[in-house]
Every structure is written in C-alpha cells, then in structure tokens.
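Before I ask anything, here is the structure I am working with.
The first chain written gets the first letter, and so on, giving A, B, C and D; residue counts start at 1 in each chain.
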Amino acid sequence: MPDEPRPTPPAAARPVEKKIEAPSGPPDPPPPADLAPPAFVTAAQAALGGAITQLSYWVGDWTILTTPARLLDLARVLRDDPACRFDFCSDVTASDWPARESRFDVIYCLYSTRRRHRVRVKVRAADGEPVPSVSGVWPAANWLEREVWDMFGVNVVNHPDRRRILMPDDWQGHPQRKDYPLEGPGELLLEDPLEWLRLRNAQSTAEIE
Amino acid sequence: MASGRLTKAAHGAAREGAARGDGAPPATEPGSGAEPRLNMIDIVIIPLLKIVIVFVAVLFGVAYLVLLERKVQAWVQVRLGPMRVGPHGVLQPIADALKLFVKEDITPARADKWVYTLAPMISLVPALIVFAVIPFGGTAHLFGKTVPLFVADVNVGLLYIVSVASIGVYGLILAGYASNSKYPLLSSLRASAQLISYEVAVTMTLVSLILMAGTLSMVGIVEAQRQAGLWYVFAQPLAFFIFLAGGLAETNRAPFDLPEAEQELVGGFHTEYSGMRFAFFFLAEYANMIVVSSVATTLFFGGWLAPFPNVHALAFLGLVPGWIWFLLKVFCFLYLFLWIRATLPRYRYDQLMRLGWKVLIPLAIANVIVTGAVKVLL
Amino acid sequence: MANAPRPMFDTETLVINMGPQHPSTHGVLRVVLRLDGERVVDCDVVIGYLHRGIEKLSENRDYTQIVLLTDRMDYVAAATNNLGYCETVEKLMGLEVPRRAKYIRTILAELQRIASHNVWLGTHAMDIGAVTVFLYNIRERELILDLFEEYCGARLTYNSMRVGGLPLDIPAGWDRKVREFCRIQEEKLVDYELLLTHNRIWLERTRNVGVISGPDAIAIGLSGPPLRGSGVARDVRKDEPYAAYDELEFDVPVGATGDTYDRYLVRLEEFRQSIRIIRQALDGLPEGPIVGKVPRLIKPPAGETYHAIESPKGELGYFIASDGKSTSPYRFRVRPPSFCNLQALRQLVRGHLVADVVALIGSIDVVLGEVDR
Amino acid sequence: MVEAFAFYSLAAFILGFAVLVITARNTVHSVLFLVANFLFVAALYVVLHAEFLAVIQVLVYAGGIVVLYLFVVMLVNLKRPPEAHADPRRRGRLGLAVAGLLLAQLVAVLGYSATQAVPAAAAAATAPAGGNVEAVGWLLYTDYLVPFEVASMLLLVAMIGAIILAKREL
C-alpha cells in the first residue's frame, strides 16, 4: 500500500478501473513447424480431431484448445486413451480477458501419473456461457471448479455442488474478474459515512463535468 | 505433617482414643467410640480436626499437584514450566486460585441454570468425602495420646469409596447436559459411558482384593497385608494393572482423557464453565487422582507400611513414620500419572470401550475366579 | 446404510461445527460434521476464512514484489513457495539460473520441508494426544528458523529467492551449521519414532484410519505425502525435476495401505531423505554466481505457463499469464496443494469417529494460509 | 428417639423427592430427584445399621442405573410430543389399574408381615456385629437362593434383550 496522507479520498470514489490497454487474450502460439506433437496430442487428434480447435506450444507446455460443447468428450479421451492417461487433474483455473468476446479462458492442467506428461486444456467461454463440469471425469475438479465459479463467475454447469468456496455465500460479484473494483469503500465509510458520501458525490459530479 | 498438627491439637487429653489399627476390623464407626464413657474431645473435636486437616491438606495437595503436573510435563518436554510467580513458580497455584476466584462466572444464556450450578459441586463433593475412609497412617502416639490417622474406618470402606466415586459421574454428565452446547454434550456422553464401563472393571479387581484380605475395611486391608508380610501388588499383579488402567480411565487422565479431549471436544464437559465453577471441576479431577493413588497405595502397596519389614539390614526404614511412607507411595503414583500423560497419545472412544469391555473386564473376572479358586484350595 | 432395515429407534443426527475456532483445525478451517453418535455420517468443509486475495493482489504487483506475497501462503514453508514462483517466472522468461543458486535453493527448500514436517508431526501428534512430540518438533524447527535467520534475516516469511537466482549467498560457516543441524535432526528422529512408531495407542489411532487407495487418491487430486502414502510413487522432484534435484540422489518413500499411519511413515522417511539431499547438496555445492542474467525490469513475453514443484504439502503449482506489456502478471494463479488435499477430507472422514477427524485433518497436513490464499 | 427422628425426617425427604420425581416438568430434573431419593434411601439404610446395603444402594442405583437413565433421557428428543400414548383416557385407565395393583400388593405385604414374626436370619442381617456383608451373603445363598437366581436370570434375559434391541445388524 502506498503511504498516503490521512485525508484520503474514499476509494470507491476513484475510477473503478485504471485505463490500461486491455489485451485481447493470450497469444496461444502454435507449435513450431519442426516440432512433432507428442503422442498424446496425436492420439487425442485421432480420436477426436474435430474437438480440438487449436494447438499451442509455449516454453515447453502443450495446450489444447477446445470448445465448451466438446470439453467433456475431450476430457474422457484424455483420461482414458492409452496414449494419454491424464488421470490427475492438477488444476482448474480461469483467466479473464474482458476485451474479448468470449472473455474467459477456463484452463485445465492435467498430468498423467503413469506416463508422466502434462498438458493444458483450454476452453473459451463468454460470460454466462455454460461450461460443463469435469468433476465427473476428475473428482479433483470439484473444488477447483467451485473456485472458478466463485472467483470468475464462469457458469460451470452440471456441477454436483456449485457453491461459493472462498468468498462468503452471500457475496456479490466475482473478485477475480478484471472489472472488479480493486479497493472497497475504505475505512472512511465506517468512520464517517456522511463525509464519505459527500466526497463520493463530489467525485461523480467532477467526472460528469 | 498431618499427624504432628493433629496430636498437638489433642495435647492435654489423657485418654486413649479409639485405636483401630490393631487387627480385627472394627464394627462401628469411630465416632461412636468403643468405650462406654465418651468425652467431647474424642467424639467431636478430634474427628472435626481430622476432617479439617484432611480437607485442607487435600486442597493444598491438589493445588500443588497442578503445579507438579505442569513442572513434570515441562521437564519431559524440555521446557521450564511456570517460573514467574515465586522462585521456580512455587506460588503459581496461589496465583491460579486467585485468578479463578475473581474471574467472571459465566452461565450460558440457554443453560439449565440450576443443574449448571449444581454440576461442579456434584463433581467435587464426592471427590473430597472419599478421603474420609482413606487411612493415611496407622496410629500416631504423641503427647500420651494415640490417634488413628484416618477420619473414619467404615466396615465397608472399599465399597464406600467405589460408591461415592460413582456419584462423581453425575457432575460430568450434568455439566455436559446443562451447558446446552454440543461439545459438552458429546463429552458427557463419553464420560458416562467411560466411567460406568471402567467402574465395572475396577470393582472387579477390588473383589479379588477383598477375597485376599477378607475384609472391606481399608484399614483391615492394610493390616491384612502386614500380617501376610506381602504387599498385594505381588500377589495380585494382574489386578493391579487393571486397577491402574481403570484408575486412569476413571479420573479422565491420559491416555483415557476422552471426556475432556481438548483437541477433539475443545474442553469437553467444562467448555462453557469459567471461574470458580471451572476450578471446582479442576479440583475434582486432581482430587480424584489423589484418591486413586491413595487407594492403589492402600490396596496394593501396603498403605502406610514400611517396605522390607523382613530384611534386618533395612529395619531402619521402619523408623520413618507410616504417613510419610504413605505420602511417598502416593507421590510415586501421582508422578506415574503425570509421566503417562506426557508420554502417551490418546485412545479413541471405541478403542477405549473395546479395551474396557473386551480386555479389562474379562481379565478382572478371570482374576476373581482364579483368586477364589486358589483361596478355596489353599 | 441406505438400504439397511430401519432401526427400531428413531435416531437423529447431530450437526456440529468444528471450527473455525477449534484447537485442532490448524487455523481457521471449519468442518461441519453430521454425526450419528460419535460417527461421522457426512461432513462439509468450509474454507475461505483466511482468504486475502493473494492471486488478485499479485496481478497488481511487480514480479519482484510477488515473491513476498508467496511467503504468506504456506507460511510454515515460505521458501518453497518462493522457489515455485521464481522458477515459474524463470520458465516464462527462459532465464538460466546458475548452478550454485540452484543448489542453495534446493538446500533451502529441503530445510523448509523438514521444518514443515516438524510442524506437521508436532501438530498431528498433539491432535492425537501426544503433546510431548509437539514440543520436541518445535525445538528442532527452531534450529531451522535460526538457520534461515542467519541466511536472510527473517524467521518465518523469508522473501529468500529472486527471479533468476538468490538475493544472498550463504554466510560463512553456514554450511557447517546446516550439517550440524542434520546430525541433530537425525538423532531426534529416533526420539520421535520411539515415542510414536511402535506405540500401541498410536498404531491403533492411525492404522486403518482414513484409508484411500492409490487410484482414488489420484482421482480426488491428492498429491505429496498423502498420495505417496497410498502407494503412488509420484514426486515432482523425481518426475519433473527442478532446481538441482536431477543431480541429487534420493528415494521416494511410498506407503502400502494408504491409511494415516502410512502417511505418517512416509513423512518420517521424507525427513531422512531431505537430510540426505541437504548433505549431498552441501557436498557438491558449486562455486559461482548466485544470480543469472536477469533484465533490470522483469517483463516476461506474452504467454502462459504452468510450473509445479513438490512442496512439503504436495504439488505446488503456479500458473502465470503475462500480457507482455506490463510488469505485473496478467493472471497469477496458485495451485495450492493443501486446498486440493483438503478436498479429500470429506471422503476420508466418512464413517469414522470425531476423534479420527482431527487425526485426518492432521494427516492431510493443511495450512489454511495456503488453502484460502 | 434419635433414630425415630432420623427415620421420619429421612422418610419425609424420600417421599418429597418421590413426589418431585413425578411432578418435575424437565425429565432430567426428574432423574436428578430420583438420584436424591435413592441417596436418602441409602441414608435410611445407614440409620438401620445396614451399611452394606446403603453402599450398594448408592453404587448400583444412584451411581449405575440412574446414570444410564440420564444417558437415555439426554439422548431422547423430549421436545416431540409422545405419539403412542396420545389418548389421555387410555393412559388414565392404565395408570389407575397399575396403582390399584400396587396398592393391593402393599396391603398384602403389610398384612403378611403383621401376622408373621421377623425371621431370625433377617434379624441377623441387620445386626451390626461382624459386619453385615457376611450376613447378607449368607442369606442370599441359603434361604433366598432361588429368588436370587431367578432374579439374576431375569436380568440376564433383560440384558440380552437390550443388546438385541440396540444392535442394528446382527
């Protein structure tokens, strides 16, 4: 926290978001032409070629992009295909690219304890677009998907127990979205609500002008 | 300590009191006296004094037992224990007592107030009145007066202890119930099941002891050991171990401290208690420890008898007053209790029940049968 | 239970809140237990009481500033968190770390593993009632804290690594002290084992408690010692070597039945393996710089990566997305091992007793700072 | 004189607590009054010089059986109204019948004991000399052997029944 002098303007009065040039998504660079995709990628392509919308390779990590509709099929293939055997769901997370039309990337980090290889599966989803839950394929995804729902509001459907996990049950909003305010009303709201209100109004009139 | 003050108080009274350490179990309570003519000193003052002294000594002992426990545990755990109040923390119990006295006494809003208040007392009173029948020594001869070093020698002394101790369970159960809280409730369920189960095993071991001694009087049992020239721990080792395990369980000590398992049930039955009421539970627990140690000493280690009476080279041991031997033996037991607590993990509820019902009780019954058979055959 | 004949008496289940203020939930974990007598019918794990939004915070901090945020996650193994984060950024930037830095990092991480396991063993034993073991372990952990204090001046949150290397070289004579610590710890391990390993009560309390099979453990996402306790020889240090682990020899202990006792044995053996790694690393400690060629401004090219290391709790993964323009990560995500392991608690405690719940929480070894972030 | 006074005051307490047992609204309080009742009965035994009986009364009834009552009472949900005995008339009739039976029994016992002299052995049981443990034991295993064995049989049956009732799957 920067050391600011005591009479701080109320935080909510500040513009909610700093003006940054919003990136429109991760580059997801395709693999170099001279790099042969590993066996699990070819196997998945062979089994379910249509489901894979894009392949990406970056600093040694393979990423398979797919659509929410085909996610479950791909997940089952990745788990069960003898060349893949991704039995361990390391992580499910998301990232928010508000500038993009389907703003969320839902990312599944998979690992195979038998073949000892990793892959990432990535799904692009718009706000409210249903993303099927993979907790039927990997039970480990249960809590991780709850967190994705809690933090991003990605509409995970068919989840056995979709509740908030880190935030309180009655929380409004999804904190990890990029448009979520970074600071709350601050202490002034509690100490002197009228002053807070006055400052906020002053701020908003200043913005209109 | 007790005997000195006792006899000093009795100084000037020339008549011999009801000396009862001499073999045959007495038929009546000491208060009524064996002689036709009674005087006030014998029937009122001496018993009263004894009661007061025992009461004070027990409370004092309990307070310092707490300190001892903290110290012993600290030493085992490479710590120092209380060091701030007095040199090496010797005044810590007093500070604790003061703190508990002045602390706010909280009653939960939805508690059953009467029962909530009653429970600590129900817990403490039996623990204290048990001391009435525990013989701290044989007799003391000082200032021309012979005074038996016990408050009362009831002819069913052993059963008296067991039955009074069984009342103490109510304190735990009622505390758990009256707090109107879930952890105490669970704890009181554990407590009642545990104490009742282990009471059976302990009582069974006592039966084999009674078979050996042929009397239910505590004094009579010590006398029987003196006459046999054998402490019963050597005649009844199995009974001793069952008694020890049962005693640990009945006093809620580790590894059987389930009713107050802090890590599981927060504080157990006394979770909601504070101030003096909490102190009552605390006192009761430690007083019970002293009771169990005293009973074990009396039943298995010859009470106030000196060790090695038959080894001439060690005859000087007999010069030490009996009550010192008694206190020493009790101390050893208490130390053992503390040592066990510092060493062992805690049993689980079902394992505790299994141990009680499937191991200790059958063993105790077998022990009774074998003892009876040997007794009949010999 | 479902199709069992209806019992003759109506029984009701008791719902009990274990935590967030409870002596053995290791912080602010709340477990809502549904009990039938003392038997756990079901449970719901409620977390989030320690949620500080470290992921969100990190998206508004410089890459260098984030190192000290990672300290605040698994605060009993802060250096391990530093290591995982720094390696992830290095991977994203394609930075090469000097060998000496790698070795020192390995030593720090392994010391941290021992410290973390000390805390685990102490609290786990204390939950089961063996309080003495706790104090013994804290005594040894104190020595590690001293070592860290001498290395970087802090005792708990070290901020002990930097992207591309280390802030400090080891002080003179430090390696000797580490060796001395290893000797002491090895001796004291025998003490712990004497108190617990063959103790009948300990065996009864831990054997066949919370059994989980290897495939189940993988499916539910267990990692680290709980997974190895179930007989799966998965260790990120072996499978995807990082730091200097590919140059050092060590074994990966695995359990047989997957119960609490096996998890206990696995961690005890990890103490020994960690000591072994530290000794080798000290023996082979190369000379050289401790920082690689790091640009003044850490600004990784646009891209994403996930990198995992073996923390004392399990697989600690970092997912970092960079937009290539900012000096803060666009997306910073931690895969907290405690969080994923805690998920298995519900499965583990069903059908066990209340007393086993605390044993199992201890056996999973959660740090709530990491679960909630 | 002293003994008579002790007897009547104890008897008053016993009766008083007995009334409280059935009038107390809270079942746990009711059980507690029952404990107090048993303790006073034990005191009455002491007055009658039957220390053994007194101690056993405390040990078995106050310390053992009532603890189990309490156990059950605490576990049973008392807030729910009893459904099985909802018909008040039926309850009343049954109660009257039981009370009548009890009264008849008491009258019979009183009448019988008024006509019969106290058996010598029973007198010996209350005699203080030699401790009454032996006397009680002697009587139990000679004159009253059959009732004693029948009672123990009954208890065994009850115990097995309770286990079968409580055990969910055999």
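The definition used in the following text is that contacts are C-beta pairs under 8 Å (C-beta built on N, C-alpha and C of every residue); 3 or more make two chains touch, one makes a residue touch a chain.
Quantities reported herein were computed from a predicted structural model and do not represent experimental measurements.
A comparison of the B-D and A-C interfaces places the larger number of contacting C-beta pairs at A-C.
Among the remaining chains, D is positioned farthest from subunit C, on the basis of C-alpha centroids.
Remark: subunit A and subunit D have CA centroids separated by 72 Å (rounded to whole angstrom). Subunit C and subunit D, compared by their mean Cα positions, are separated by 61 Å. Per-chain Cα centroids separate subunit B from subunit D by 29 Å. Averaged Cα coordinates give subunit A a centre that lies 25 Å from the centre of subunit C.
In subunit B, the residues touching two or more other chains are 185, 189. Subunit B contributes residues 25, 27-28, 112, 114-115, 118, 154-156, 159-160, 162-167, 169-170, 173-174, 177, 185, 188-189, 192-193, 195-196, 199, 203, 215-216 to its touches with subunit D in the complex. Across the complex, subunit C meets subunit B through its residues 14, 16-17, 22-24, 35, 37-38, 125-132, 135-136, 139, 195-196, 199, 201-202, 204-205, 353-358. Within the complex, the subunit C residues that touch subunit A are 47-48, 51, 53, 55-56, 60, 91-92, 94, 215, 218-221, 223, 232, 234, 239-240, 302-306, 308, 315, 317, 319, 321, 323-326, 330-331, 333, 335, 339-340, 342-343, 372-373. Chain contact summary for the complex, subunit A toward subunit C: residues 20-21, 23, 26-27, 29, 58-61, 63, 87-91, 93, 95-96, 107, 109, 111, 113, 116, 118, 120, 138-144, 151, 164-168, 175-176, 180, 182.
For subunit D in complex with subunit B, the touching residues are 26, 28-29, 32, 35, 39, 51-52, 55-56, 58-59, 62-64, 67-68, 70-71, 74-75, 128-131, 133.
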